[in-house]
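Below are the C-alpha cells for one structure; questions will follow.
Chain naming follows the written order as A, B, C and D, and within any one chain the residues start at number 1.
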C-alpha cells in the first residue's frame, strides 16, 4: 500500500504558488473543499486561475478567495449568487471564461484519462464554438474541446483511506471525482480518514492512484444554498 | 392566458410513461407536480442524481443532497448518485428522454437563446448548452411575450444562442406550438385565446392549419 | 421508478437479428453474460459482429457462438486460448479486427457518453493507425478514434434492482459498465435482482438509465481460466 | 547469463518506493516476487484492479477476482476495483509510474514489437499498445537473442510495431541498457558476460562509455 496521507492542510497545500491554475470541486456550495479553500486564503497566493463549476457565494466557497482578490480568472459554467464576483467581473478586474457544464466535466475527465481532445455537440453554433474546430459526425455538428491543464486539484470526499481511495456522498460527488488526477497534484480532503483495508474495494469511487495527498478536514460547515422543504402532512 | 402553473400542467401531458426527464429551473421545475398517477418517470438533475423525489420535510435537509438549482431534495427508491461526467454522459448520450427548459427567445428554426443578455451580468449557461445540443426531445416553457409585450417567438433569435435547430415544442401562456421545417405550427390555444391573438403575439412564421383546438386540462 | 425488468432471457433478447452488432461484456471468462450467450446460441442468429475484449474459449463464452459459426466478425483486443477461433480466422471464415484494449474500452465509453470521437496515443505509428487521422497535441502524436455503434449490449453484473441499477463485483466489472448504454438496447443479467430501494444510491456503479432490460440469470458457472494458487505456509 | 528469475530480480531494483506498477505477462510477472521489504508499491492490472496481492490459497480462488493474465489473484488492503475505461484512464493519463513488459524486438530508437508475427496466428495486442504509447517509464524484460541466436536489440524493428520511441530501458539475460538518442547505452553487464559478448549479440548501435560494471544483486 502506498500511503498518500499528509498530516494537515498546510502540508497538503505545499507548493501552491501565485499564478497557478487550480481545479476546485463542488457544485454550488455542496462538496466543496472547505479546508483547502480556507488554507489558500491564509497562504495569500494570488493571480490564480480557478476551474470550478461555480464561484461560491460572497462569504463562502471560492467567494472567500474573490474577497481577497486572489483570483485572476474563473473558468466556470455558472457564476450567479455572488455580488463581489459580479462587481469584479463588470469592472474588468476578474477574467471569466464560461463554458458548458458537460464540457467542463468532460475536459476534466479527459485530463484525468489522458485524452488530449474530444468532440462534443455542446456549444455548436454559439459563441462557445468561436475559434474552435467544427466537424460533423453522422451529419451532426460538433466542436473540438481539449483536456484541461492544471497544477493542483482540490477535492472533497466523504470517506477516504490512507491509500488515497475516496468515497463520495450524495450529490456532493459532482465534479470531485472527475478532477482527481486531472491536475499535476490532486489534494483530497475527507470527512473521515480510515486505515487502508476498511473500505470495500468494490465501493471505491476514486482509486488512490488519482490522489497525491489526502487528509482529514476539520469543522465542515456544509452550508445550504437553497433550503427548500415541505410541510409534514 | 395560462398561469405558470398551467403551463407546467399542460407540459406534464407530454411526459410519457417510462421517460427519464431533466427539468430546468423555473416553470419546468413545476412540471413534476403535475405528472399523473400511473405514469412512471424518473427525474434527472445534472449535478448528479437520478430518481429525485420531493423536497425534504423540515429538519431533514441534507447539504449533500441537492438538485441543479441548489435546492435541498430527497430521492426515491431506485435512485442513484453519480459524478458530473457520468451525468452529462447521460445527457449527451441521449439517454434522457425529455428535457424541459425555459427560454428568453425561440426562433422558428428551433434555435434557442436563454443564457446571456449583452450588457447585463452574465451568470453562465450551466448545463443548458449540453442539454439543448444533445437531447432529441426538448420542450420550452415560456411566456409568449416579454414584459414590454414583444414576441419571444421569433424569425431569428436576437440574443446570443444557447443552441441551434434543437427545440421540438414550445408551450407558452397562449399556445402549444411545434417547431417544423416551415416554422411554428400552432397545435393548441390557451382557453379564451384566439388564433388572431396568437398571430399578433408571434413574430416568427406561424402555421395555422385547420381548426385549432383549445387546450384541455 | 421506471421498471426495467423483463421476465426471462427470452424476453431480454427479443429483437436480436441476423447481421446485428453486439457488445458483450467480460474479460476472459470473468464477468461474461452467460445466460444471454446461451440464449443467442439457442436463437441461432448468425452473421453477428461481436465487440468483446476476448472471444472466450472453445467450449465457453463466445466460443459457444463460434462453434455454431454464428459470428461473422470479432472486434477484440486479444483472442488467444481458442482453437476453433484460430481455425476460422486462419481459414478466412471469421473476420477479426484487433484494437488496443484501452481504445476498445474508450470507444465503448464514448458511445455511452455521446462523444463521437476522441484522440488517443495508443496505436500511433503501428498498423492500428492506418487510415486514421493523426494529430499532435503538445508535441505528442495521437490518432482519432470513433465511438462504437452497436445494436445490443449484453452485460453481466453481480446485483441489480428493478430500476436497472447495477453493482459489479471484483474484476468481473471490466468492460461491463462501459458497454451499458453504449448500444441501442442494453441487456443486463445479474446474479441477484432486488426490489428498487434495496441498493444504496451511493454505491451504484451503473444507473438504470443506461440499462434497458434486466433479469436474474440462472446457474452461473463462472469458469476459471487460469487457476493459480499458493500453498499454505 | 541471467536466468529469467534473475532478469526479474535485476528489474526489481528499478522499482522505487511509491510506484504504481503495471506488470506484463511472462518475466515481468516475476518482478513482484523480488521487490524488497520497505519499498511500498501497488500493482495495477489493466482488467481493473489496483493493489494486487499474491495468488490465493488453494480453495480460496474467486472467479470474479483475476489479473490481466486471467490468473486468480488476491488483493491487499487499500486495493480497489474499477472498470476498463477507468483502468486505461490510469494508464493513458500517466498515473502508472512504471510499466514492465516483454518484447520480441526493441530498436535503438525505442520502438518495440511484441504482438504480431506475420504469417502466424495473431492473438492481439491486448493492452500493450495503450501501455507503451502512454507510459513515461517503460522497461522491457527479454532475452538478448532469439533461439536462433539472432539479436533482438535492433537498428530497426522488423516485426509490426507495438509502439514508437517509447522504451526507456531494456534488461536482458546479458545486460542492462538505456535507450538514448544515440542508441542502446550499455549500463551493466551480467556476471561473466563481457562487453565483447554484448557487442556481438546486439545488432543496434551499442554505446559503451568507460568501464561497464557487472550487475550486483
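We take it that contacts are C-beta pairs under 8 Å (C-beta built on N, C-alpha and C of every residue); 3 or more make two chains touch, one makes a residue touch a chain.
Values in this document were obtained by computation on a predicted structure and should not be read as measured data.
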Lowest number of touching-chain links that must be crossed from chain B to chain D: 2
Rounded Å distance, chain A centre to chain D centre (Cα mean): 36
Inter-chain centre distance, chain A versus chain B - centres from mean C-alpha coordinates, in Å: 28
Per-residue multi-chain contacts in chain D, two or more chains: 49, 81-82, 85, 88, 91-92, 134
Overlap residues in chain A, where contacts from two or more other chains coincide: 106, 109, 113-115, 120-121, 168-170, 201-202
In contact (per the touch rule at the top): chain pairs: A-B, A-C, A-D, B-C, C-D
Residue ranges of chain B in contact with chain A within the complex: 45-49, 54-73, 81-85, 87-88, 91-92, 111, 121-130, 133-134, 160-165
Contact footprint of chain C on chain A as seen in their complex: 106, 110, 113-121, 137-138, 140, 142, 146, 167-170, 201-203
In the complex with chain D, residue positions of chain C that touch it: 27-31, 53, 76-80, 86, 89-90, 98-106, 108-109, 120-128, 158, 168-178, 205, 222-232
Chain D partner contacts - residues on chain A that touch it in the complex: 1-3, 109, 111-115, 161-163, 165, 181, 195-197, 201-202, 204, 207-210
Chain B to chain C touching residues, read off their complex: 18-20, 40-42, 44, 49-51, 75-82, 85-86, 88-96, 134
